[in-house]
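Structures given as structure tokens follow.
You will see two complexes here that share chain A, one where it goes with chain B and one where it goes with chain C.
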Partner chain A sequence: MKNPAIIGKSIPRMDAPAKVTGRALYADDLKMPAMLYGKILRSPLAHALIKRIDVSRAKALPGVKDVITGADIPQVKYGNWRLVPQSQDELALAVDKVRFVGDEVAAVCAIDADTAQHAIELIEVEYEELPLILSVEEATAEGAGLIHDESKGNVSLVRKIDYGDLEEMFAKADYIREDTFKVHPVQHAYLEPCSCVAHSEEANRVTLWTSTQTPYIVQCLLASTLGLPENNVRVMKVQVGGGFGGKMELRPWEFCASFMAMRTGRPVKFTLTRADELAFGRRRHPMSIYSKVGFTKDGKLLAKDFQVMLDGGAYNAMGPTATFLCGTFGNMLYNYPAYRYFGRHVYTNKPPASAMRGFGAPQAAFVAETQMNMAADDLGIDPIDLRIKNAMQTGDVIPDVATISSCGFKECLEKVREISGWDAKRKDPKPGKGLGIGCFSFISGGVFNWFNTKYNFSAAEVSVYEDGTAQLATMACDIGQGPDTAMRQILAAELGIPIENIRLIAMDTATTPKADLGTWGSRVTLMNGNAVIDAARKIKEMLIPVLFEEMDLNQIHDIGFEDGRVFVKANPKKGLTFGECVYKALRGRRGEPLTARGFYTPRNKGLVSPAFSFGAQVAEVDVDTGTGLIKVEKMYTAHDCGMPINKMAVEGQLEGAIQMGLGYALMENLIMDDKGRTLNTTFLDYKMPTAEDMPPGESADVYTYEPEGPYGAKEAGEGLAIPTAPAITHAVHQATGYRCMETPITPEKVLRALNKIK
Partner chain B sequence: MAKQNIELIVNGDRYEVAVEPNRMLVDVLREDLGLTGTKIGCAQGDCGACTVIMDGVSISSCLTLAVEAHQRDLTTIEGLATSPQELHPIQESFVQHGAVQCGYCTPGMVMSAKHLLDNNPKPSEQEIRQGLSGNLCRCTGYNKIVEAIGAAAGKMASSAKEG
Partner chain C sequence: MAMPEFQVHQPKTVEDVLDLLGRHRSSVKLLCGGTDLLIKMRAGAQTPEHLVSLNRVAGLKTISYAGGDGLVIGGAARISQVGKTAEVRRLYPGLAHACSVMATVQIRNMGTVAGNLVNAAPSADTAAPLLAYGASLVAVERGGRRQIKLVDFFTGPGLTVLEPGEMVEAIRVPDVSPRSGSCYLRLSARSKVDIAAVGVAGFLNLDLEGKVIRCRLALGSVAPTPLRCPEAEQILEGQTPDEKLIAQAAAACVRASRPIDDLRATAAYRRAMVQVLAQRVLTQSLDMAKGGTP
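Moving on to the complex of A and B:
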């Protein structure tokens, strides 16, 4: 299918000039008259009863305007899974009990940040320590104490998937392997620490500027926790300095800023420090995973038994979704005649884990892909051949999940084999060098309505004007990935007007149409893109009659929209400029503006996602067997993201994903002590790849046309963060014989496997 | 703490401010002068988001006391473009090469790039990567930033020749 020229074009981001000049405004850049500065007092203990809090000295400090504790706030618990109210387990400030080091206990606001900090230090809290539960094994052991007294155990959610006859298939298998893996926690490490400013001009109404991926979710949950109608809460756009899943919930500081802004009548700002983020912030789930997989002797997959315990930390956060997706991605990529998944989300006394780029899939795929490579070795089949033999393709049905409507996986495998020089390099391994593969698939937005929204999942409002310009209003959020540009490319393609003529109003819950569920699960391009197309086509329906009337057209004609003109397709010279056409339509409508709303909600697309991306990645490594140091020399990637809307933005996602995947595999790790404290709370100690650490890359695009996507597009943001760790693991195995089953891969582990250290 | 009067010359403009001796330069730039283009990513000198140029040397403004900048010549991200329409070649190159995603590291990256090119107008790729090793980015994977700086260096060299 041929797309309009602007689709796929590498148009520079429209917000880039503001960002390179420092004009772009992020939450912490906002300053309002009479603004107060907020600070949070956090628990130093991982599990304890709060016996007494004395805020009197803090309140008496000159310049302090408000001090609040859990006793002062409405006792309405929140959490993103509104569909399952018992999963909503958080209060902005702890009541009676703290459950992790960093649990929020009190908040103050004062005339300046130093005074607020001083006030925090004057609050006295008396705790009674409780036994700590710091692993999923301890949490699920018989007789374990409860982290949430009202829950039945420490398992907060169970997800089961079961299809095919597992026992029968394992009985048929010629080759079965069972392995256990452990994956570690890492952090989003977005460069912008969380920040927000709240202001309440009218009584019982509040406006919040916040660094979020999900303004609509924040609006709804803030309203319920403040005891206000949703309509009384407005969440507004600021630039967001990265998110990667870490900014998709209501957060305590958003609540405290809003609550105290209403109490004091003055704007209140909270900004976190990097130490706050690293020590107490959300993180990717550590997991304990058991996987048993069966093949025929010629490599046909028969069955998988996949059992996962997610270390969720003290609250559910987005853990339930990660538990679901971990199950979904335990059996993606390949066709399994029988599959059983048993996933448990477990409370521990650690900072809560939540969504992070891939949302359960990186962990599941690390295990699935590593086992695939182990099986290939044992079966004596080339790892790429083994994958091709079992690869999903377009039209495949995953029971109870989805029908794959576009899939370029096999092509990706062939492509990555070619560009990496796989066959020659694998056959003739050099000492210390290795080549390894990892693959991925990911969703293009979710179908399951866990937020229980009453609105469409995505919406867009398009207005057009007689000067030939248009306005696009949408709640969709650009957190760096680029929809502010991509959505305008889609609208420009539909209306045939220059992209510069489109003004965007985004991320304002009061003025943009209801709703958009936010930036997560790689949903924005497909879902919001479809809503934009829907709105644009409604506008076109308003404009087309003008041409028929003006040109006295026979009804067999079709109308084109290109190059700023509206014209008769059979005779393109016949037509009007876009602006003229709008002008005449306005006259015909007796002044009623030309505005249309478009919507998208996936329907009849199973329970998981309307579309899936696919891809394969090869890592080439050099391991120094003297020091154990692993150098990734090159990354080769072939990926199927459907038809890209903006090619440069897709490349940016790929390259950024390799940075994050490399860090996950080799460097990043949140180190915890036996008191539940995170020890590496600076970027000096939490190592992530710098410009010097990045390997060169080569990539190949495999274009499929996703019928459900706008102009054939599907996800390109998260899936690419999945394959890097298993590919490097595989390559290190070829180089050294060491197979990582417990991430990350460190020089120490390599040397231990080589018997060079004890 | 008793405040001290200091004089800052920022992007050619002279400011007189009274600051506590323990205040960091980044806070004075952002809060007292309203120059919020300089970002705080860690406040510990690890991430480079607060990079500014002081007397020709790139510094972490989160590790520099404001009083140390007394009567020194400072350039921040706001001082690079001659007008909103006319970006500095490094800025223009960042825009064109897709070197910007969330944009939070961008001002610091651009300032580090400027310092690099001021001192080494024709850097190799490796030298560019070394020049950026004090600046963290979590979105781009750095490649497009490195490309953008290389392209800007080429452009600046050829326009210098013409000029």
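Moving on to the complex of A and C:
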């Protein structure tokens, strides 16, 4: 299918100039008259009863305008899984008990940040310490104490998938392997720490400017926790400096800012520090994983038994979704005649884990891909051949999950074999060097309505004007991934007008159509893109009759929208400019503006996602066997993201994903002590790779046309963060013989495996 | 904690600096790059009421090399400046390497070598190479000046023999004789923009027959202070180094180290890396020394 020229072009992001010149406004840039500064008092203990809180000295400090504790707020728990109310387990401020180091205990607002900080230090809290539970094994052991008294155990949620005859398939298998893995926690480390400003001009109404991926979710949960109608809460756009899943829930500071803004009548701002983020912020789930796979001797997959315990930390957060997706991606890439998944989300006394780029999938793929590579070695089959033998393809069905409507996985495997020089390099191995492969698949948005919204999943409103311009209003969020540009490309393609002529209003829950579930699960391009197309086509239906009337056309004619013109396709000279056409339509409508709304909710697309991306990645490493240091020399990627909307944005996603995958595999790790305290709370000791650590890369695009996607597009960002860690793990094994079963790979682990450290 | 108020003084001469240090003796700090000090002040770990800036003091940023007299690095010379100086790169490659890879570009452009030493972090990157080159510090106070050998300078993490009222005016590094070689190697998890988890510096000077006249080896990040390894040095001095001897010397370096387990590495890994890095440092230094004048 031929797409309009603007689709698939490389367009620099339209928000980039403002961001690089400092003109872009983030939440912390906002300052309002009489604004107060908020600070949070956090628990220094990982598990304790609160016996007494004395805020009198804080309240008496001059300049302090409000001090609140758990006793002051409505006792309405929140959580993103509204569909399962018992999963909603959080209060903005702790009541009676703290469950992790950093649990929010009290909040203060004052005339300046120093006074607020001083006031925090004047609050006295008396705790009674409880035994700590810092691992999933302890949490699920018999007789373990309860982290949430009202839950039956520390397992907060269970997800099972079961199809095919597992026992029979394992009985048929010639080769079976059972392994256990542990994966570690890492953090999003978005550039912009969380920040928000709340203001309440009218009593019982509040406006919140916040760094979020999900304004609609924040609006709804803020309303329920404040005891207000949803319509009384407005969440407004600011620039968002990255999210990666870490900013997709209602957060305590958003509640505290809004609650105290209503109480004081003054705007209240909260801004977190980097140390707050690293010590207390959301993170990717650590997991303990058991996996058993069976193959025939010629490499056909027969069965997989996949058992996972997710270390969820003190609250559910987005853990339930991670539990679901971990199971879904345990079998996504290959055809398993029998598959059983048993996932348990477990409470521990640690900062809550939540969504992070691929939530659940990176861990599942790390295990699946590593076992694939182990099996390839044992079966004596090339790892790429083994994958091709079992790979998903277009039309394949995963029971209860999805039908794969487009899949370029096999092509990706062939392509990556070619660009990486796989065959030649494997034939001639060099000491200390290795080549490894990892693959991925990911969703293009979720189908399962855990937020229990009453609205369509995505919506867009398009207005067109007689000066040839258009306005696009949508709740969808650009958090740095590029939809503010991509959505305008889609609209420009539909209406045939220059992208510069489109003004965008985004992320304002009061003025954009309901709803958009937010930026997560790689859903925006596909879902919001479809909503934009729906709205644009309704606008075109308003404009087409003008041409028919004006030109006295036979009804068989088709009308084109290109180059700022509306014209007869059979005779392109015959037509009007876009602006003239809008003008005439307005006259015909006696002044009623041309505005249309479009919506998208996936239909008949199974439980998981309307479309799946696929890809394969090869890592080339050089290991210094004296020091154990690993240098990733080059990354080769072939991926199927459908038809890209903005090629440059896809390239950016790929580079960013490699940076994140590299950190996950080799450097990043949140290190905790035996009191549940996170020790590395600066970028000096939380080792995120820098630009100077980035290996060169080479990539090949495998284009498929996804029928459900706008102009054939599907997911292009999140999935790419998945294959890097297993690919590097495999390459390190090829180079040294060390197979990482417990991430991250560190120089010390390499040397221990080589018996160079006792 | 809010940062308490403080006063910044900007004297133009060393005499004025010393006067200010004396006058505000009870609560004063020298400020140059501020890359360590300001972080500590923001965290409330340092609360000086007076900061005396060295940035406008004439002549303090000078880096000069004179054959025979060696290298003199002014007390306010920036790390990046030192790393870019041609003579440093040619004759003191270990120091040049430390000055071009430590910390970040921004910190290297602001921070000073003297500050890196006075801050006395066990991981201070310039310390190990300067120890290996046999450097001394010129410390001045109102009563006069004294020369302190760098090997006697550090007394613990963040601690030195510098007295209140004293400042480091310059760092003196002896000239490098012909048939010398030197090298500094450091390890960190990130390839760039990182603190060293282990650092080893070496210096070798050979006689005409290839015997070691002088050897200095120094370690960073593996003890409460950067330190020299006299036992290892003695193993090599007077000998013609070979692989076996180098391995023995490296093993003596390991014995000199007193590493701990911390976030950045375990003690076991650090010990193993002292061995590996010391061997590499000695091998590279030897190659360079054999190549004639470095």
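To be clear about the criterion, the second predicted complex is superposed on the first by the 758 of 758 C-alpha atoms of A that agree within 3 Å, B and C clash if a C-alpha of one lies under 4 Å from a C-alpha of the other, contacts with A are read in each partner's own complex, and residues count from 1 in each chain.
The rule is short, and it goes like this: contacts are C-beta pairs under 8 Å (C-beta built on N, C-alpha and C of every residue); 3 or more make two chains touch, one makes a residue touch a chain.
Quantities reported herein were computed from a predicted structural model and do not represent experimental measurements.
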| item | value |
| --- | --- |
| Which of chain B and chain C A:180 touches, first, second, both or neither | neither |
| First (chain B), second (chain C), both or neither touched by A:204 | neither |
| Touching partner for A:631 - first (chain B), second (chain C), both, neither | second |
| Partner chain in contact with A:231 - chain B first, chain C second, else both or neither | neither |
| Partner chain(s) touched by A:452 [first = chain B, second = chain C, both, neither] | neither |
| Chain touching more of chain A, residue-wise (chain B, chain C) | B |
| Which of chain B and chain C A:511 touches, first, second, both or neither | neither |
| Which of chain B and chain C A:240 touches, first, second, both or neither | first |
| Chain B versus chain C as contact partner of A:86, first or second or both or neither | neither |
| Partner chain in contact with A:12 - chain B first, chain C second, else both or neither | first |
| Contact residues common to both interfaces of chain A (with chain B and with chain C) | 684, 690, 692 |
| Chain B to chain A touching residues, read off their complex | 30-31, 34-44, 46-47, 49, 76-78, 80-81, 84, 87, 91, 94-96, 98, 100-107, 110, 128-130, 132-133, 135-146 |
| Of chain A, residues touching chain C in the complex | 113-114, 117-118, 121, 626-629, 631, 666-667, 671, 679-680, 684-685, 687, 689-690, 692-693, 746-748, 751, 756-758 |
| Contact footprint of chain B on chain A as seen in their complex | 10, 12-13, 15-26, 28-29, 31, 188-193, 239-242, 244, 273-274, 479-482, 648-649, 651-652, 654-660, 682-684, 688, 690-692, 694, 697 |
| Contacting residues of chain C [partner chain A, same complex] | 1-2, 187, 189-195, 263-266, 268-269, 272-273, 276-277, 280 |
